[in-house]
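Just so it is clear, A, B, C and D label the chains in written order, and each chain counts residues from 1 on its own.
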Amino acid sequence: MNTFGEIFRLTTFGESHGAAVGGVIDGMPAGVRIDLDAVQKELDRRRPGQSDIVTARAENDRVQILSGLMDGVTTGTPIGFMVANSQQRSADYDTLRDLFRPSHADYTYTEKYGLRDHRGGGRSSARETISRVVGGAFARQALALSGVAITAYTSQVGNIKLPGSYDDYDLAAAELNAVRCPDAAVAEQMEELIRDVKRDGDTVGGVVSCVISGCPVGLGDPVFGKLHARLAAAMMGINAAHGFDYGMGFDGVGRRGSEMADLFTTDASGRVRTLTNNSGGVQGGISNGEDIYFRVAFKPVATLLREIETIDKEHRPTTVKARGRHDPCVLPRAVPIVEAMAAMTVFDAMLLNRTCRI
Amino acid sequence: MNTFGEIFRLTTFGESHGAAVGGVIDGMPAGVRIDLDAVQKELDRRRPGQSDIVTARAENDRVQILSGLMDGVTTGTPIGFMVANSQQRSADYDTLRDLFRPSHADYTYTEKYGLRDHRGGGRSSARETISRVVGGAFARQALALSGVAITAYTSQVGNIKLPGSYDDYDLAAAELNAVRCPDAAVAEQMEELIRDVKRDGDTVGGVVSCVISGCPVGLGDPVFGKLHARLAAAMMGINAAHGFDYGMGFDGVGRRGSEMADLFTTDASGRVRTLTNNSGGVQGGISNGEDIYFRVAFKPVATLLREIETIDKEHRPTTVKARGRHDPCVLPRAVPIVEAMAAMTVFDAMLLNRTCRI
Amino acid sequence: MNTFGEIFRLTTFGESHGAAVGGVIDGMPAGVRIDLDAVQKELDRRRPGQSDIVTARAENDRVQILSGLMDGVTTGTPIGFMVANSQQRSADYDTLRDLFRPSHADYTYTEKYGLRDHRGGGRSSARETISRVVGGAFARQALALSGVAITAYTSQVGNIKLPGSYDDYDLAAAELNAVRCPDAAVAEQMEELIRDVKRDGDTVGGVVSCVISGCPVGLGDPVFGKLHARLAAAMMGINAAHGFDYGMGFDGVGRRGSEMADLFTTDASGRVRTLTNNSGGVQGGISNGEDIYFRVAFKPVATLLREIETIDKEHRPTTVKARGRHDPCVLPRAVPIVEAMAAMTVFDAMLLNRTCRI
Amino acid sequence: MNTFGEIFRLTTFGESHGAAVGGVIDGMPAGVRIDLDAVQKELDRRRPGQSDIVTARAENDRVQILSGLMDGVTTGTPIGFMVANSQQRSADYDTLRDLFRPSHADYTYTEKYGLRDHRGGGRSSARETISRVVGGAFARQALALSGVAITAYTSQVGNIKLPGSYDDYDLAAAELNAVRCPDAAVAEQMEELIRDVKRDGDTVGGVVSCVISGCPVGLGDPVFGKLHARLAAAMMGINAAHGFDYGMGFDGVGRRGSEMADLFTTDASGRVRTLTNNSGGVQGGISNGEDIYFRVAFKPVATLLREIETIDKEHRPTTVKARGRHDPCVLPRAVPIVEAMAAMTVFDAMLLNRTCRI
């Protein structure tokens, strides 16, 4: 089950220590001129080694498109792509061959499959998300033709929260700092916290928020395939994601229905709008044309640069201390992944939506 | 897209004002003896009119099994089922034909499909969940053969929260009160709040928590099909659900990785366990044998028994006031639906898991 | 796996001896006015007891639509439907409980599922095709809005073949006789043969041919989802079907490429056409706007009204003789089923085709 | 729709003139030791330039496995693979940019997608089948662990037919001659015919037959997913395939049911067998343990090395003559592709079958 989507479908492959990671984008409509530099730029946003608050691994990930384009335009055939795994220090992981790290996938993979690829986390490696970013970049370029834009940002690191709502900020400013928070002062506090945590050999969690603007009315299905259910599945499939809400979400449960109703109005052009947007742009599972906004909670990741107790494959007590280079906080690099998954979800819903009327 | 699941698949049909609601359960393995009284009992738990804090509609929903059983045992063929829509007062809804209620699906359905069934909310009606409860009841009986049990309960109504963790309570006690909260005193407060809200013609939201115990190690897939991603999609497909988290969820983002690591141990029988369960029973997307626990946030529903402003189909201002019988709080009736969706998700993952090793 | 299709999807349920057979049509676009009498008329075409050359069972199959229509128009929500199993003489089948009939599904079902519904063949009963005919009738009405028409007919019974090509005949004439062959004289020979075979307590096979006219250019996918591959799967899923070919099919393998090339031309309106149609209306897996034509071979069915040797559940030798009323030749009743499967296949491809360009 | 299968799923990408062809095998169970030389050997069987009766293109296709193996054993994660397109003479195809070849995919692709990759046939190129052969080789190695073997051979070229049934021959002998026919004398006639046809710049069709032995009882589903319906879809998705039948197929329609019944017996070990195998190893859509055998009809391909009339993109008359190196008969190279598709189909059904009983 390494395929995401129904019409626009991404199938991914690859571990951190095989020859390459990559995937196939199927269902990409013909006729979209692709800016490959923009695809690469998305990859660069998720790349390790961008700043002192993320892992120092100097991966130099160049995407190679293997099929599906002619003269820079999609032909309607599948887009095969890969990113070579240039830097493989499998020996770094030899000590992990025979033990299970706490709160990692080591134990569950072994029990599920009868064996596991211990090198670099195997399929649970963050490198797998490279393929998602490539898929998302194609979806995003198709969406842009319809005026849909997707912007995510870090809204919480540890207990440092960005106050207010997304429309209080210029979200483009998130790209101006390493932690990807649109408020420079809050960003500085977040980065400080991450540095502290890193010094301790520890990790910290946080929240990524995301806004989809320009989304047409009508995307999503009434029952199981509600647009927010599709988004939830997409987000909860990202490593370390532990929570999702949209609109007022968990914060809205304490309120009354009368406070939450989004009253209708029409704008100057006669288009139906709502005066408030507590619904988060989705009503009855279907987009209503307002901004879609949601949050994704990320736990502090489990790879600690300090010694902790664990067990080996024979279930005997031992200890483990991660070596190498790891992220003290996944949030900054999760931002482009959240955007990528959102882009694929919305574009898939847009294609599906072409079939709902005769 | 009215099908849920990959191997164990429920396809549902029906609006509140057609002849019936129902569905087809496909992929139900052969050889399970079904207790039809237990199926009906699940339906009774979601039925309106159970108490003074839910809608007074006296629906008398009897499920009729149309196929797939012989001498009470599943044959491996699809289970067709239906529940007749006995009580259809379409005239109640005539005033809704030409207007859009705020924060309902009226506007988005109309824009998506070019028309909508205005009677009783059409497909967005809560009656659609009848089919989910039936599907869940079959999955639950199959799961019970493997020792898997699923229990949901109301953990928050408005701002009244049940303190502590799920294992501080005897969850079976939730069925002893109308609001389905395992603590009698908190339940009373919740019910009081719901009665207050109802008196105001208003509504209130809340949180349903759910625990899956006895789940074998190995369910779920590493990437897009993580067990919690499947659960998130399942839960966010329930009407009024606005948030999902599992394990420490949103509350865990402020903590450090070193606090969150679930250290391994082995129990008396030599089975691998974890000392804590911050991971919520899922690691790397795959169940680890500990209890799986998660929360679902429900917004206050939008059907108010007071007059509010809205627009009609021609986008002209008007007002609307719901008539008939409606839930001031969906939480009590959402509990069996959360359980049903969880049961189908876990059983489907269990069947899929049979194919992951040679 | 009781679902057919990708966007337009039919899920069926029901055995001959449960309460009902039926299904759910999902993905039916909103806005199609449905002629329910025409749906019923399709059912009547597959009904037993229409003539002396088919089974005398007087099934009075009335379809009941349970959801998805408002004022006779599809709403975009699933169409639930059922046909009650009015005539259940389970006792007729008691002798079959403990034995396996040769060339039936009795043995394979039992081995697959560990048990089987012996009453009336269970799920392998011809009654299951009722649901397909209903699904096909909806697809056909949607297709008619685009000018697509589907006509099947009996082109061979035993060794009696209808000579020439489909365009040598007025295919509408097929409905004028019981065997559904468009040539009255050949039809008479076929019927005579069927009566002979019936007198012997035996059965005979044949071929159904089908023509899809008015199909737009562009349906089908280049690789696995070629339009003729979809049609082949659809047809080979009909009981007793043992072969499928399209265009020149098996008869074309002896010819040269130079004889088979369909040269292009343009018609008066400037539309691209081919001078011949050896390709059967599909090139590279995609419809080219010419008539699509194909054949389906049906074996003589295995239910004989004479005693034959077989084994029981303990694998001991015994004999069996079918009782009750059975078809000596399935061809006449297969005609509407072939049309139904073709209609669903083409309509599904048409909806999918909406997503292939930006 | 470039994915084949439900549990064991192959997704392919690539055109003849991009950087590579390849794919992702998803759902490959963990724990299978893969013989990569055997995979390569399958590729060599489909390679052009093996003899004077197939195209002289000297493709040197080496498969590169990018993921999913550790120490030569499958890990349960997706197998990414690619074969570089080393020999790209796009200029050979420049004359094809602006015209449609008769009976090719040129016109239909252009109409479907609004553009097409004219270089080497784009996605309709025979190179696409490389990915199928790789997928099939993995499935075949997994099947071998259960004793399932799959052998295809050329049984007809033009009007030269191999007489008798598959069990009259030592099928392994098919690999001893270029045309892959198990009878040396008939093979010689077939090869002579192909050389004649080639001299004329023409092409010829034929039939590939295939036998699956050792298949366990129980594979396939009763209704739409009958094992032979799955096989039919698989085979009809191969380029140039125009027909499929199994068991007695088209040749059986003229016979009586009493001749066709496969009477049961038990063998020395008590296993249920049938005295004859007219059913072709499948009854009621489910394998019965006997040999599964089927035929695939291939039309003479449309690429002629002689000038023929056609039209250009503006629909004006012109002529075309294929240049380069082409197969006068696809049959010899289709044999390993038929085997590959059969292997994937049967292995997928075997995995699915694990879920049908509790």
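Going forward, a residue touches a chain if its C-beta (ideal position, glycine included) is under 8 Å from a C-beta of that chain, and two chains touch if they have at least 3 such contacts.
Predicted model only: the values in this text are computed from it and were never measured.
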Farthest chain (mean CA position) relative to chain D:
B
Could you let me know which interface, A-D or A-C, is made of more C-beta pairs in contact?
A-D
With chain centres defined as C-alpha means, what is the inter-centre distance between chain A and chain B in Å?
26
Between chain A and chain C, what distance separates the C-alpha centroids? Give it in angstrom.
46
Averaging C-alpha coordinates per chain, one finds the centres of chain A and chain D separated by a number of Å equal to 39
Contacts with 2+ other chains: residues of chain A:
1-3, 12, 27, 30-31, 76-77, 112-114, 123, 222, 352, 356-357
Draw the chains as dots and join the ones that touch; what shape do you get: line, ring, star, complete or other?
complete
Contact residues on chain C for chain D in the complex?
1-4, 6, 12, 100, 102-109, 111-114, 123-124, 128, 156, 158-159, 197, 200, 202-207, 217-218, 221-226, 228-237, 242-250, 252-266, 270, 272, 274, 278-280, 283-288, 297-304, 306, 308-311, 315, 352-353, 356-357
In the complex with chain D, residue positions of chain A that touch it
1-3, 9, 11-15, 18-24, 26-27, 30-31, 64-70, 73, 75-80, 82, 112-117, 119, 122-123
For the chain A and chain C complex, residues of the former touching the latter:
7, 27, 29-32, 74, 76-77, 142, 145, 222, 351-352, 354-358
